[in-house]
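What follows is a set of structures for review.
Next come two complexes built around chain A: one with chain B, the other with chain C.
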Partner chain A sequence: MTTTTDADKLPGGVSGRSWLPAVDANWIRERGVYVALALLTIYNVIFTNHFNHYSSLETLMSQTPAVLIVSLGMLMVIGTGGIDLSVGATMAIAAAVLGIMVAATDRGGHNASLTVAIILALLAGLAVGIFNGVVIGVVGVQPIVATLSLLVAGRGIALVITSGHLLELFRPGLSKIGRGQFAKVPYVMIIALVLLVLVTILMRRTTFGYRSVAIGGNLPASVLAGLPVRRTIITVYALCGVLAAIAGVLATARLRSADPSYVGLGLELNAITAVVVGGSALSGGKVRILGTFAGVVLMQLLTTTLTSHNIPSSATSMAQAVIIVAAVYIQRTSASIE
Partner chain B sequence: MTTPADPPSGQSIEIAAPAAPIHVASGELGITAGAARARQLTSLISRNGAVAVLVVLLIIGSIFDKGFGSFDNLQNVALGATYIGIISAGMTFVIISGGIDLSVGSMFALAVLTSAFMSKHGSFIAIVVPLVCCAGLGMLQGLVIARLRLPAFIVTLAGLTGIRGIVYYITKEGNTVPKVPAHTSFLTLGQGKLFNITWPIWITLIVFAVGWWLLNRTAFGQAVQTIGGSRPAAELMGLPVRRVQTLVYVISGLCAGFAGILTTASSSGGQEARIGDSYELVAIAAVVIGGTLLSGGVGSMVGTLAGIAIWFVISNLVVHGLQFNTYIQQVVSGGVLLLVVVLQTMLSKRVSAAAAKR
Partner chain C sequence: MAAPHETAPTLSVQSATKRFAGVTALDDVSVDLWPGEVHALVGENGAGKSTLIKLITGVYQLDAGEVRYRGGVVHFHSPRDAQRAGIQTIYQEVHLAPQLSVARNVFLGREPKKFGALDLRRMQRDSVELLRRYGIVADVRRPLGELGLGVQQMVAVARAVSADATVVIMDEPTSSLEPREVDKLLEVVALLKEQGVAIVYVSHKLEEIFRACDKVTVLRDGKLVSTTLVSELNRRQLISRMLGRDVVDLENERTQLGGGGAIAAEPVLEAKHMHRKFVLDDISLVVRPGEVVGLAGLLGSGRSETAKALFGALPIDSGSVMVDGTPMKRHTPASRLRHGVAMLPEDRKAEGLIPGMSIRDNIGLASLDQLSKSGFVSRRKQAEIVDVFMKRLRIKASGPDQLVRELSGGNQQKVLLARLLCLNPRVLLLDEPTRGIDVGAKAEVQALIAELATKGLAVVLISSELEEIVEGSDTVLVLRDGAALGSLFGDEISEDAIMNMIAGAAAEQTEQAAQTGVVAS
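Moving on to the complex of A and B:
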């Protein structure tokens, strides 16, 4: 059973630890995303005007949290050998629930307290996740199709909840979550980093984490070893749903409005990209949390870099495509060894 | 080369498809005759299930909704389904071969825009240039998937992003909205009629007929099914696995391109760069509803045709018949997709369990 797939281990021999690791092709392959991120940062520091300014970090910190949070959930799902295409729709459902609870009564809302509304939005995400988990883990439907059906239906459900409207939300508390800062770091970024730490602990220090990676690494062996496969799969999708809902709540707070048509639209692909670029295998069994974080930052920094050099966004899309394929190609050999 | 005539529905090679992901314990003791028969039964039901559902839907529709059964309405539904229908025909090959093609929506958009740009140079150019572009990009993806052995999901995900980038690039970030000049012969391709039915519907039927023939009556089609069923087995048989795999993505690109050309030819308005967004999802849904297994190896062209028809009949019934909003239609469509795959999965489980008992 291949449960130990930690990124932090040196490939090859560990004897004779020196301060400088042996930099060879394999070393780069294992850390491609960090190398790319470092190179891109160095390039920016030297060639991009106004990059060495706090505002560029600020932009990055306001744009990455939603994708990062969704990617964490996606990472756990992909670790079990699954995939969740419904995360964007789940964000929309959470945003719609939050919006309809918080909005004033005369605008069709319930004027509920913010805490209650957020809890209900997260519960909605949990419900979507559990539903996905049951359809995949118990019924045995393939993850792509099961979550595809919710990708189609979920945004419709969100629009049904708000009767198709965009709800503007005027709550000081909500704006504070979305735009507030602590020591110049946005709250949303702090929340994302806290979640990152929690997911790291969950995946690296708990039985649940080891089980989910084991299931992704070798399902038949996990079944034969008597692991609670169904329960683990349901839990993983449930967590992914909750994380997507958190991202939906934060996005709504940032926009100060619940927009079920556009919140999280297409975000599932960004999340999958970040996970894959970060070095996790799409076939499961290999979970790289810091790599995913670096993947999210890399893709966002790429967009920022090209934009600040006045390169049109169409070129950004093409560059992203090349990076995705290159990332998978570089990691291919190391994946086939395992 | 054609294979000897099999039963009408024609799938002679029934390589044991990989067992469903979760229940591993049931099917280890080799592939017995019972299991093979069970698999045949499953594929028979799942292949014809979609057709049965379509017939039921059509009957229900014409009973409860006066306007539904009219010739004009049915023609409109069919016309709406043609473009994604042609895309789904290509997608069927990809999925049966065990792959997936997420790039078709962007590929479709590329064809729409290039054919709109080229239409002022005459019909021939307006048809050939998009097809060459799409076949080329399809081949590029196919080569990367087949030769470098990268996962199809990732490669075509990159295709989705990158080709959409190309579309925005050639339209100057979506600011150019090309239009087919009025009264060109190119427009008759999309707007002309034969026996009172518009050309795109005939063309779609022809595409599916050719697809059916290719899949069930040629060595290539048998190879696609074998590779999807078991790639190692296909390699041991000496099939040209990599060439067939590459060709499958070329076919998918060509179908998306062809659908794009028909779209441009049938509309007189300007074409926007965001067209075809998330068409890949509808195409995949149609293929799956049609009974083609996402794990590859088993699938049918007729099923896909029924699948895409079901998708558009439902949205017509929900929006025009029941007067609901389009977002309720999304919920219903997603629900139907879920229902179909849940039933398929449970059915195939039950059949294989029964076979194991026997």
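Moving on to the complex of A and C:
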């Protein structure tokens, strides 16, 4: 009865003046993050000293990978209409597991091989993710509540694993992962980009990807279409946990120490911000991978820009807030015509 | 009967018209509501009842016409405006705060205060008194959510009334109530009427209308059909007005389109004694290959619920569903689809389409396993099958990449049908396959159903339009209040026969109620 379908037949070029691109809410949502990123880059090129130097890019490439990897997991979760607040804590758990396995025996560690330690750290992330997925998909707890519990408890678990210590890790292999470069590109960035490609393939080419977007787009319809909803949801959170663990390992490698009380602190919010700014719908059903990538870079570049212009960090947070509000506002207006 | 003593109606809707994106939801409807009158508002889904109510209560604004209230033209901009003016609405679901106490709920939004703090003592005292006046016994300190649904509904009524209501609108207030609770509610309605309150009573339950209401207004397709005294109508006449078929027209009109012929075959889908508390009451059903079984009944008769139970989408307390004679162990849609049973849901937007996905992805959604190899979706297979069905069902779109939310209702429905047909089902459960789609697409969908049945598919067909059921079915199961009233076969099937069956049962129930002496009016 309250059909409004005909109202949203708004094809791209409704603008009266054909020589201008049609700027409507949809256009902004589709491309806004790229435009913002381009404008910010141009601003930097003109006004920021020393920006036109490779080191700027290098800094960006060492700062973004952890957030990017976590954001990819967050993106998949948000795509199903969920959210994962525990990613930062999961990074801490992975860092703690890695640290305690690698650390020397006289410092309470197990002096295990790096490969074994990394695998165990990733398994810890997998376990956290499966736990989240089961609580949400099978028990039926709201995602925000289910993952909030681990946001609170996870870091505690990580501190218990390391007995509350910061573990300094001296392993050449670990340092190489964290600080090494190939053709002037940090390994961590290469790993992040490979994961970006893998997530793209997963979401765009596999049955799993189709199903998770469908679940986010319309859950009751997905159930009636016979989709394996539980399995898909558990898998999504499991993958998110593993990605967070990878980010935790890379952050630990970069810092050459496992610091469970600091690693990934507040990163869940950065990830959610990147996903939203990137144009994905918080309500699910729309997954924009390149947008998320651009969102991560945009937020990082914004911080760098403001810092290099000696603007206090409190102002930086406010600028970030403005961008988030703008992104959410654009989403809201576009949702209302749908 | 409410012979109105007043000279002017309390509320008067004049030539109300409301359009939504080109669809006229309400077209030049006028209704008068007098003090002390219980006015029933009836009609099938999409008739315009809820639109009319939302126009009165300020949820929607009129496109044309006016609402006069207590003699003056009013423009309510929100339900809150309407409430302040004395128009209270009670919905099917109780819209109160279940965690708060009964007393707090009664005074929600207008709590008495003492020294700036809530005056709990007074709230408790006053609410006890108020509820007692309507014969409601409940501990007002307990959280509302702990009470039965019936009592909750009654609290909502008491709350509405205590706010000095002059008009009370009840939107299917009894849909989740037990018979005893319904009696209680109707008693309250009678009390309100005595106090001179004007009541709008929306319901699909005929016996309630005949028991409690003075006047009845019938809406159909957004238009006013009639407003009459309830005493001037019998059940048959009321039903035929709701469904839009004149009783005289019905006699010579029937044409058989269904598959037929294959009735001797073994049943492909069989349900035995399906029960679900308050929803389904002992439904049994047999569908054979090539047969179209129509489920007839008014809205709320359990048609959709029967289809959902057959599909495993609605849990059943007892009973069984068999496919090819094998009892189904797992009661889930996924398991039914694997056994070749597919369902087209009633509400294609809420339960069918993934609006942000393309036509291609929507069509292929249920058959992803067949369209993929080791987890990777084959673009080629997907394109092939989508192409076949877009042509076969004549889906009009700019291409398979177009988003389904941009399509017309008819084409959206075809996309959903294509999704089901991709699975090569042997049983199709079709819930309102032609609702809200234009005439051309409707004819196409109806022809498709007939064609599929001829090819040996077993079909269960649900429709609010009796004509569609009569013309398309080989067998008709008539439902009412979740129970089967009986079946009609072959030549017995006519709109007349179906309406008689429904009306007969309604009359019986009212008589029973009258005999047990609980009638309020």
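Just so it is clear, the second predicted complex is superposed on the first by the 309 of 338 C-alpha atoms of A that agree within 3 Å, B and C clash if a C-alpha of one lies under 4 Å from a C-alpha of the other, contacts with A are read in each partner's own complex, and residues count from 1 in each chain.
Note that in this section contacts are C-beta pairs under 8 Å (C-beta built on N, C-alpha and C of every residue); 3 or more make two chains touch, one makes a residue touch a chain.
On a predicted model such as this, the values are computed, not experimentally measured, just so you know.
Look at A:A112: by the touch rule set out above, it reaches neither chain B nor chain C. Residue by residue along chain A, chain B and chain C are tallied for touches, and B comes out ahead.
Touch criterion met: A:K286 reaches chain C, while chain B stays clear of it. In the superposed model, A:V35 makes contact with neither chain B nor chain C.
In the superposed model, A:V141 lies in contact with chain B only, and not with chain C. Of the two partner chains, both chain B and chain C are touched by A:P220.
Once the two complexes are overlaid on the shared chain, A:P228 sits against chain C while remaining clear of chain B. Of the two partner chains placed by superposition, only chain B is touched by A:V325; chain C is not. When the two structures are aligned on the shared chain, A:S314 is found in touch with chain B, with no touch to chain C. On chain A, the surface patch touched by chain B in one complex and by chain C in the other comprises residues 220, 223-224. Residue ranges of chain B in contact with chain A, taken from their complex: 20-25, 100, 144, 148-151, 153-155, 157-169, 173, 281, 284-285, 288, 294-295, 325, 327-331, 333-335, 337-338, 341-342, 345-346, 349. Residues 20-23, 25, 45-46, 48, 50-51, 311, 313, 332-334, 336-338, 343, 345, 350-357, 361, 364-366, 368-369, 372, 375-377, 405-409, 412, 419, 436 of chain C are the ones touching chain A in the complex.
If you check the complex, the residues on chain A that touch chain B are 81, 83, 135, 137, 139-142, 144-146, 148-157, 159-160, 164, 219-220, 223-224, 229-230, 269, 272-273, 276, 282-283, 312-318, 320-322, 324-325, 328-329, 332.
Interface of chain A with chain C (complex): residues 1-9, 205-208, 210-211, 213-214, 217-218, 220-228, 281, 285-286, 338.
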